[in-house]
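Order as written gives the chain letters A, B, C and D; numbering starts at 1 within each chain.
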Amino acid sequence: MTIQVIIAGFKGRMGSTALNMVKEDKNLALAALLDPFATETEIDGVPVFTSKEELIGFSADVWVDFTTPAFAYEHTKFALENGFAPVVGTTGFTPEEIEELIALSAEKKIGGLIAPNFAIGAILLMQFAAQAAKYFPNLEIIELHHDKKKDAPSGTAIKTAELISQVRARQQQGLADEEELIAGARGADFDGMRIHSVRLPGLVAHQEVIFGAQGEGLTIRHDSYDRSSFMGGVNLGIKEVVKREHLVYGLEQLL
Amino acid sequence: MTIQVIIAGFKGRMGSTALNMVKEDKNLALAALLDPFATETEIDGVPVFTSKEELIGFSADVWVDFTTPAFAYEHTKFALENGFAPVVGTTGFTPEEIEELIALSAEKKIGGLIAPNFAIGAILLMQFAAQAAKYFPNLEIIELHHDKKKDAPSGTAIKTAELISQVRARQQQGLADEEELIAGARGADFDGMRIHSVRLPGLVAHQEVIFGAQGEGLTIRHDSYDRSSFMGGVNLGIKEVVKREHLVYGLEQLL
Amino acid sequence: MTIQVIIAGFKGRMGSTALNMVKEDKNLALAALLDPFATETEIDGVPVFTSKEELIGFSADVWVDFTTPAFAYEHTKFALENGFAPVVGTTGFTPEEIEELIALSAEKKIGGLIAPNFAIGAILLMQFAAQAAKYFPNLEIIELHHDKKKDAPSGTAIKTAELISQVRARQQQGLADEEELIAGARGADFDGMRIHSVRLPGLVAHQEVIFGAQGEGLTIRHDSYDRSSFMGGVNLGIKEVVKREHLVYGLEQLL
Amino acid sequence: MTIQVIIAGFKGRMGSTALNMVKEDKNLALAALLDPFATETEIDGVPVFTSKEELIGFSADVWVDFTTPAFAYEHTKFALENGFAPVVGTTGFTPEEIEELIALSAEKKIGGLIAPNFAIGAILLMQFAAQAAKYFPNLEIIELHHDKKKDAPSGTAIKTAELISQVRARQQQGLADEEELIAGARGADFDGMRIHSVRLPGLVAHQEVIFGAQGEGLTIRHDSYDRSSFMGGVNLGIKEVVKREHLVYGLEQLL
């Protein structure tokens, strides 16, 4: 059975990448496209709309949303109320909004996904790292990004460290009286874990978690080369939400 | 509460490493030592025996066994019958023997572990790889060992590939009409996965599973530097079997 | 002093990337553009030509050529005869042609470069690998490419192995009686060295040379992410040829 | 022709490892052993001495010295004066002493080597890194050691950075206004290069230099697993000093 997909925000970078992804998957079909900036009325036979109200009563299974924070909450609510399972990659929801949308989805018995990060590999890395930390409490994180990135450590590195913190007791790593001959050598200290941020031209977005124990080591590394890497997660989201009866927050809830 | 441990085969390489590990853990205590080749009657106040019968009626919690295939089955049965939870690193059990010992343990309500591999890192690698393969069906395995190793691929690489095969459909990787300019370039084909075996002096035992998907990659690597790496698994086994009510096969059952 | 550059083949993918590179370097200036497919007569004030004859008597320092094998020889000869130092990335020269062009350049006392590969990193990898092999004769090569690549091993891997062969005696690696449980596990055998070819979606072009010796290892890895990586080599070529008095073959001659 | 070798300090850890290395190389032969703590008068037919004076007039080619700083200078001078080419792994020479010994060796026309580091791999890494930095000025250093190491960064990392500083102009790496959300994330700043120090159980001594440029990356990594890794350098030193006519400081002078 083909899943009928609406794409809201199809004129943006993520939305247009999602459009191509849906087209190339035989199990998915484009039902409609929505974007306030659209000037076409149809594309390859698919109807194009500029406001969500035009989709009331429309028949489709999933509502993929890559719009902006200003629209995302209203869109997600609209989708649930009109029988479309939402898959939302827009950020900016408040915790209250998410709670409300989950409640609404449960009432309507419609699946859904709001995900700040659609890279399956990054999420697997975080899950595996948290799992491994139970047995290997000594670990360090190295994240490597292009040299135009402003913040260090990266958001993903901090999130990884947070997840690990929840499963291991705080512990000091390295020698108690270790000494930095040059400040910063031992990296950022997050709850006893060290995080090192590398910035170089040519790099894209990469992260390693290195675990060490007596006589052995375990390393988990994720490499993200371009935006297309997110589409695997969107695809998975579309196929999972149609089987569910309430909305979840975070792609990890579907893995 | 301190766990009282008997070590059978304490004169061997693994047994003596286990002896040191138990000594260094404050939560464990040596209750007795057993080895047919022992000439001492006690070591540091711990009684030494040369045959298992001398331990009938003895009080202890766990029976660690690093003997030989010829002894292991009888030892494990003896341990269960005498109230010691067995942690067995000896290989050579038949499937029937394992089944029988699991049944006996359930009857006696005693935990136990028989494990062909105690390296926690290697087992985590296999588990993570099987989990990741559900989302990333394209993968290759590179295993690297010292150049005195005879077989290629390694047993761990084959076991990893087997576990992955159970969760993904067979699929051809690489281009359909790809061509080896020199035979063997694309490695060993196991159910569509490619395995590459590197042999070099200096190396010990290392394995990488590399996953590739659109725009991203995920790599899981385990490095084993020396035999001491197994002791984390033995330690974990001792602490887990005392909480269980039947024997399991494979350290992964306790992770 | 600004180096004045002509770009032949500026309509092609490599040529247009070169055009942007020249524009962005304050030490370089575009003097003229040449392409039989050009329809413009000037771009941003730079004159555009469709046949090389129009450039007779023109004043410039360097002739960058990314045309096709059919044109490259005539273009390079033309450049030398008209006082432009050629930097040529087109392939397909015969050894005789290269010899003739080197002789012509020496006669004219004009520098020049014909290079089948402009990726500085790949060339450094090959040079370092050949140097290290003198001290570490045990090595294996792993090359990793996207899964649309047809040939295995890659041309760069074979070239690397050839360069290493010139500095080390053939030697069998691994155990004399090693055994492949699955054919191909030990990779392609090139003069005793093993080459392993990994093909996965998401990957671009990567190569590792791993050396092993008693108690230590040395690994050299090159990652190529996109075509822009070649421009560092073109830029270097432009700046070096103006200092030289004859043409060389291979970017390594200028490193 | 077999090279006749004296080993001074053969009772120590390095000296005894050197003794075994010489024994196993058919091109080398043990001529004599020296150690103030020796109680034997011969080992396997090789004469054993306790003071250097006993070796006046003795016939041998090379004097390997793994004694202590207190003896090393006198030993090296003695070796040169008595016709033995010294290969010295002891540290603690003053610059004046080294200069004096070089002058003495030149006068006597005897080769020699004083080396603070005999790991060929580590030296190749430093040489390659300095060479690559000419073309790729953006780089970061990651060094990884066991968690009993006190100082960070490691001496080798600092030495590598120093060598690189000599070939590249100081340059700021990363974004001008980059921000550390947690102090230390961007590592130690050495002349604009960033150095990151990882400390984990299980690790031995490892170092990576990662270069990044537009669209490409180059990584050079050295892994040192145990002390035996130094013996390749001692072996090389022995075979090279007999061909030379003056002493050099640093194994890199012989590569």
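By definition in this document, a contact is a pair of C-beta atoms (placed from the backbone, for glycine too) under 8 Å apart; a residue touches a chain by one contact, two chains touch by 3 or more.
What you are looking at is a predicted structure, and each value in this text was computed from that prediction instead of being measured.
Comparing the residue numbers each copy contributes, chain A and chain D share more than half of them at their mutual interface. Taking C-D and B-C together, the chain pair joined by more C-beta contacts is B-C.
Relative to chain B, the most remote chain by averaged C-alpha coordinates is C. Per-chain Cα centroids separate chain C from chain D by 36 Å. Averaged Cα coordinates give chain B a centre that lies 48 Å from the centre of chain C. Among all residues of chain B, those that touch two or more other chains are 202, 211, 213-217, 223, 225, 229. The touch graph of the protein chains shown is complete.
Residues of chain A that touch chain C in their complex: 202, 204, 223, 225, 229. Of all residues in chain A, those touching chain B in their complex are 119-122, 124-125, 128, 131-132, 135-136, 211, 213-232, 236, 255.
Partner chain A is touched in their complex by these residues of chain D: 138-140, 142, 144, 147-153, 158, 173-175, 177-190, 194-203, 210-217.
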